[in-house]
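Should a chain be cited, it is by its letter among A, B, C and D, assigned in written order, with residues numbered from 1 in that chain.
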């Protein structure tokens, strides 16, 4: 037990000494790994913030339903009840024709026009939020509503929906693209760095084998080395992402304020941070393991 | 202790280093291998330590067929063998002390006892004052003695030495020979490949010539 | 001359042999460098496409100028002449009140309203594009126009302008951030890769020095090695960017079509491609040079 | 050719390898340096090839003060010297042929002529058949001979050899000694550090003891 601990401490000490022996290399490696990790981590941060933003604002696409001009309030109430009971409907907002008229009058340059009218030209209307906001589902709902009595016109905010859909599709494609690219790059960078260490330690591996070292003994300091390097890179990435969050806070806040939203960008949460560091350390560990594979295969 | 049974070794491009070699070395024996450059002395030692595998025949060490050992049992064979390599194989990024410490670390010795043993081994080869030196700061002969200290620090039951006195002047070579004799006396099997046949006058002598044993 | 050529050919041969001797390392290095290069190169491609898109569509912010309701066509003509002669104005579009009325009538649900009106409620109007579309300049123009006779109302599309401005600011910040990060990462990765080669060739450097090699002789194969590796990484990045362009073509095209634009995303142009490859090769070359500096300083 | 003028060399932690050494070796002379392990033989040779700088005094080679050479003129000194290192310093990722080719490549020889010279040098040390072998596939003595071939292939005017026969049996050592004598005969200055003093019976003898010259 004590020997087990001694051997691990020795391996850790050796790993630290190796990191310290070539400070420039270590620094460059940390930089490479850190940058490679910072990009997906930063993306994750932005995504988390965007989701939070989406949660505070109702950006869901809507359906507008206009009653026939001749329909009276009772007909409207019936439709409202029917809407509220209807399965795919999430939220219904009634807009009385009087309110619409008042709102229109306050609009620029329309007051005289409207005052000149003998009767209220606006119908009662509903704004409906669907439970399922995929375009097909919305189209289905709209088609259903059109068949209802005294309903003059159902308008789907379909351009909006289609834009959102295209944007999401694009975003997803970009995220996949970046993820694949950076994932491959990250693995390559980590491996390259650790392979460098393994290559410069070829003599040590060979001699240790000849002196009767087990594979585990030889691997241990390299695994510590890789894990430490990965962890260091993870910390560096964490700092980078935090700095980016601070830097982006003002321009991003300015931007969303123009859309009547508020966003104070949050750095990575505790869980995400812990995941980042764990992932980084595991990656380094795995890189060391794989790099050693081929070297240990030799006699 | 060691038995060669019609052993042959052919290196890849068709170089026959050893051919049809049979001999036996008893436990606690001291034997010297002589032979011209390229006769196969190093190859013979490498076969015993399983650094190479025979292409024909069987090499037995302590009854075990070394050529058929699995990868995972190899380390335990090697821990019982102290080996001095012709090219020394020192680690140039560790101090003399750490180089000699390595076999003990590998075997999992308690650090305190290990340090004592390392100092004793360094003293034995006359490097007690240089334990902090890096190998690059040692002369050729001092490096050779460091390699010897590393081979004996683990008190192995079998000592294989490939030209252990190549870089040593006559006096130092005699000191080293005395060290080997001491190990032989306390029961260690010792096998030495060397040109300096006058160093071990009472040893059994194996003469290699182009991979064959002369008798 | 012949010896000079021989030495260069030898160095090139050596560099190629080293690349070939560790194919996995070479591949990983190419991957690292390629990915690190692909991101800025991809950003450049998207930027170039965005600029091209911006060129084909008039997304410039505009000023709307409404004449007084009482003003007649002569007054409007005067204002138009004045606008066309005015310095900061780039383009003027006249919208006759009759046309506006007709357009409004065709709009949904307004026909009856408008038909009911005794007179045309819409004034003559101009849509003005400014030469200088910074918000301050636009505000200045609008203020000026407001002082002109018979002008009832000048409306600045200022929300639009401020949004665009905020977006651009954000984009610029993000680009700076990414550029700094990836620049540092790219340099670190390239250096790490080449330092690995230098480290594994320490013996060779030392022996060559002892045999009387000049620094130039020792450097040469490493410089070729670095340049080849960089070039390879550049080619890899070029392919990645091209593949991304193909992959993004459909979703991006779908997206901009919804804004009544067409965009067929173009891969990197010849000049950009050449720049990318030259930059990659130089970076590798420089990495080799710097990596060797400290090794050659030793006796 | 070589003049040591009150040369001393102290290595960093305070180790005096050479102290107040003065001697001269004439052009075309053959000299042997003897001395115990750690006496300073290798240090002496390293000072001549400017691999180390003296901490006191001056080392002159062909009239040039080697200790004050600039970095950029160092290569040209070394091209005139053929050196056999105690640790051989072969390149293990190049074939025997390419190892011997290296000094000629560095000096910028036309490839055709260079290849002929390389083959001649390999033949001279008995490795003509092994030109394609990697050094790892050579026995210790063969590696030593390869190092000798590399040192002489450039036909240097000064030959420095550090234990050139350490890994050679008596016959091969005699062959090597003959090669050095040949070079000496055609006018090359030869300086050899070795324990095997019987190999060069007619050579001038310098005896080092703890960094001092015995006379």
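The working rule: a residue touches a chain if its C-beta (ideal position, glycine included) is under 8 Å from a C-beta of that chain, and two chains touch if they have at least 3 such contacts.
Predicted model only: the values in this text are computed from it and were never measured.
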Chain of greatest Cα-centre distance to chain A: D
Centre-to-centre distance between chain D and chain A (centres being mean Cα positions), rounded to whole Å: 67
Euclidean distance of C-alpha centroids - chain A vs chain B, Å: 62
Intercentroid distance (Cα basis), chain C paired with chain A, Å: 24
Numbers and ranges of chain C residues touching at least 2 other chains: none
Where chain B touches two or more other chains at once, by residue number: none
Chain-level touch network, classified as line, ring, star, complete or other: ring
Contact pairs between chains, per stated definition: A-B, A-C, B-D, C-D
Contact footprint of chain C on chain D as seen in their complex: 49, 51-53, 71-72, 74-79, 81, 83, 85, 89-93, 102-103, 105-108, 110-111, 150
Complex contacts: residues of chain B adjacent to chain D: 11-13, 15, 34-38, 41-43, 86-87, 132-133, 137, 139-145, 162-163, 166-172, 195
Residue ranges of chain A touching chain C (in the complex, touch as defined): 24-25, 28-29, 31-32, 34-36, 38-39, 66, 109-110, 112-114, 116-118, 121-122, 159, 162-163, 166-167, 169-170, 173-174, 177, 181-182, 184-185, 188-189, 191-193, 195-196, 199-200, 240, 244, 247-248, 251-252, 254-255, 258-259, 294
In the complex with chain D, residue positions of chain C that touch it: 2-3, 6-7, 10, 21, 203-204, 206-215, 217, 299
